[in-house]
Amino acid sequence: MAMNRAEQIGLGSAVGGHAFLLLLLSLGLFGASERLMRPNPIAVSLVGETAPEATSPAPSDDAPAPATLSEPEPAAPAEEAAPEAPAPPVERVIERPIVRPVAKPVAKTQLKPIPVVAKKPSPVTVKKPVTKPALAKVKPVAAKTSPAKTIKPPVKSGGFGKGFEDRIAGLGKDSASGAARPNTANGQGKSPTATAPPGKPAAEVRRSVNAALAGQIKPYLEACAPSGVDMDAIRTFITLSLDRNGGLSSVRFDKQTGVTASNTPQADPLRQCALKAAKQAAPYRGLDPEYYDVWKTHALQLKAK
Amino acid sequence: MIIRPNSKTHAIGLLLAATALVTACGPKKLKDLPPPAQGSDYGDNSQNGGAGQVLPGSQEDFVRTVSADRIFFDTDRFNIDPEDQATLQSQAQWLGQYPNVRITVEGHADERGTRDYNLALGERRANAAKNFLSSLGINPARIQTVSYGKERPQAMGSNEQSWAQNRRAVTITIQ
Amino acid sequence: MRYFSPTKYLAVLGLLFSAPMASAQTVPEPAPSDEPELVEFDTAKIRRVAVPVLVAPSPADTTAGNSVNLGRQIADVISSDLRASGLFEPIGPSGLRAISLAEVTAPQYEYWKGRGAEQLIEGFVRVGGDGNLTIGCYLYDVTFGSEVTRLGFVVAPGEWRRAAHKCADAFYSKVTGERPFFDSRIAYIAETGPKGNRMKRLAIMDSDGANHKFITSGTASALTPRYSPNYRSILYLSYSDGNPRIYVYDVASGRQQLITASKNPTFAPRWSPDGQSILYSMAVAGNTDVYKIAVTGGAPVRLTNTPGIDVGGSFSPDGRQIVFESDRGGNQQIYIMNADGSNQRRISFGGGRFATPEWSPRGDLIAFTRIAGDFRVGTMRPDGSGERLLTNSWQDEAPTWAPNGRVIQFFRTEKNSGKTGIWQVDLTGANERKLPTPVDGSDPAWGPVLP
């Protein structure tokens, strides 16, 4: 398999290292503002069985990943149940309809909301996506078996052949050596032998990956994104960490820009929606396993039309 | 009796009445205004039913005598133009004859303005008429004003013609 | 994808022109753009929400009818509220199967998915020993197979509509991020009769047109009502003494009184956000200015002082500023001043005249009537920028904000006939609809969300 060959080449090659640095830039993962946003390295919470490659620190391992899969579900009922209620809640909990009738007559004109707190999440609200990345369902070969859906970089079919593929495939491998730090990117040429322009094909792959991911996440985004004035001004940045099968290891909220006085109410629902959609859309298909190292973390910029 | 200040016949009637009852009249004006609206004024000017018996100093006497009981304004304006001056002069003359009669000047606007603004505009127009009358020697204490804004159109159409008739200040005697 | 990145384009080109060249080039490294690629999505989608009848586990009679009927009626109100918001397309309760009590907490997502629902509202109605209703309301996202929120109320049977509004509000709020607004009331002017002799009566109703009530008899024309922030009183203009004067009407007692002793005409009344003072316009010798007076009375403060017409006015939500209308510059335009009258400055500079400014309860926008040929309702930011027109008809006038600052009501007058109706539109310009009123309606004034 190309993969194995590439691995060997990649490991030994400084070309790959250089490419990886460029790739990092292309990911925009190390922009100054974002660096500020994640000061604490944190282990990405990977689902156990999907982590054969966990030894290789993904670029996102640097990230605190505030919004991993344990991202609070928007359901969190307790404190949100009675936002507009000035009156003290009458009764604690209605867990299920069979609860005893809530006591206390109500004052004539005041509606007293009872925060109906779920003591335990109802069975259906368990964090489905966590368990969903179905390793069993999608084997590395699975993508290959549906070649129609596999999106390959156009340049590849343009006949760049093995060399190109190798460069791509080798990209991430170097990271295993731990050589890839942002500050070395501009520093003393760590890869003097780099004669190929490895960043370019990476960008190409990125673009294809983006198209594939966008197509899958969009229907879910549109199912939960709020509407409103100036909605199109908000840009929501998230980063997906994917396993080899397209399963979602984690999704991280990076930032939002363009929040105005008019779209403030929508900003947080949109953030929650983005994370929810990213989970729901997984596992992602159409990603060529050959380029796993390109798409194992992928940043998206979401914007309403 | 329906008062149609701009009809020709009425102008003649006015002329006759004016010569009969008043020593001198201000210059009559022939304004090129839209045709009269159907329907009567809400003013109390038809109570005599045209019996020919006009009580001097009455509202009917007033409307028969003066050149017109109302003046008209351009869109958004409240200035008293020469035609308006003539009308108000004839009213002032009549009022001079009956110093005990008090009047209300109603200010109106057409429907093509917002409600609050039109109330203010009607007030402005009524006061413009009042001020002119008092400049002619009528004691302002005899003159009340009220604005109806766009609430009481005289002509019902939604067109320039109707609006021109509705932008008005109408003098009504308080009996 | 519409987004086009030049650097990426270059990268592709570079790739096409032989790889080895690249290292020799002095061209800056073909570093891809910093930004992740764009994913654009649509937000205009109308959500399909299934609203089955609320379960009445142990049916019982109440003063408002049997709880089984109430379950259906509540679902009806929820459904119609959501439809009215324009952001949802409710399915049911008509035509949907009855649900079991168990389903209320364990929704059958697949079933509802099959019905084309993206979201689901289920609930129950229970009659307590004291005769009050306990209403539970559970909101689910079918697409994501997750609970959105849940909420319960204890209400007197006669207040069941409010529980329904609260349920719809909770859902609306969760999904849109907006504050609630269904559980609110509206004061307006009910109109009857021919154009030249309209009878205009003060009336009130719920935000959905229910619980309608006429307040004045119509013997004197009533205009421009404003609900107080606590709903206890209504400011409005009446010709009851023959002149336009502002009265404050006490809802509980039915009594009313003038807000000032002045004999001058007063009009365009407005409350301050805290309900402690009243803004009004008064004409003195034909010149109209804006004044402020404490609810408790005392000496009015004159805020404007120009020869032009200064009229109306609307406080910013923090009470610090007032937006009003003035023709001091030649025609009606919108101005802002501090609450004490200082620092008056014009903010509207678009084509045409601008009137009836109303500050959004959210503070971000000012709604207005633009007069340029036709009358259209629109919004601009408090600095005058971002002018947007929301309606396009012959005569749309006098916007009033929903308590959440997301929806606007106004009134529309028909050409020639002079017939009027109250209309509502979402801030996005979507979902323009006429409110159901028993007779013609104008001058709507939205009150706050009920506690």
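Lettered A, B and C in written order, each chain numbered from 1.
Throughout what follows, a contact is a pair of C-beta atoms (placed from the backbone, for glycine too) under 8 Å apart; a residue touches a chain by one contact, two chains touch by 3 or more.
Treat the numbers as computed from the prediction; the structure is a model and nothing was measured.
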Please find which chain has its CA centre nearest to the centre of all protein CA atoms in view.
C
Which chain is most remote from subunit B in terms of Cα centres?
A
Averaging only over C-alpha atoms, locate the centres of subunit A and subunit C and give their separation in whole Å.
37
What is the distance in Å between the mean C-alpha positions of subunit A and subunit B?
77
Please work out the Cα centroid separation of subunit B and subunit C, and write it as a whole number of Å.
43
Residues in subunit C with touches to at least two other chains are numbered none
Residues on subunit C engaged by subunit B in the complex (per definition of touch)
194-198, 200, 221, 223-224, 237, 242-244, 265, 267-268, 281, 283, 285-288, 309, 311-312, 325, 327, 331-332, 355-356, 369, 371, 375, 394-395, 397-398, 413, 415-416, 418, 442-443
Using the touch definition from the top, list the residues of subunit C that touch subunit A in their complex.
1, 8, 11-12, 14-15, 19-20, 22-23, 29-45, 47, 55, 57, 87, 101, 104-107, 109, 118, 124, 126-130, 132, 134, 136-138, 141, 143-156, 159, 162-163, 166, 169-170, 173-180, 183, 362-365, 381, 406, 427-428, 430, 449-451
Mind pulling up the subunit B residues that touch subunit C in the complex?
39, 42, 76, 78, 111-117, 119-121, 123-124, 126-128, 130-131, 145-147, 149, 151-154, 156-158
Using the touch rule from the top, collect the residues of subunit A that touch subunit C in their complex.
22, 25-28, 31, 73-75, 77, 80-87, 90-91, 94-98, 101-106, 108-116, 118, 121-125, 128, 155, 160, 194-197, 199-204, 206-207, 210-211, 213-214, 217-218, 220-229, 231, 237, 239, 260-262, 264-270, 276, 280, 298-305
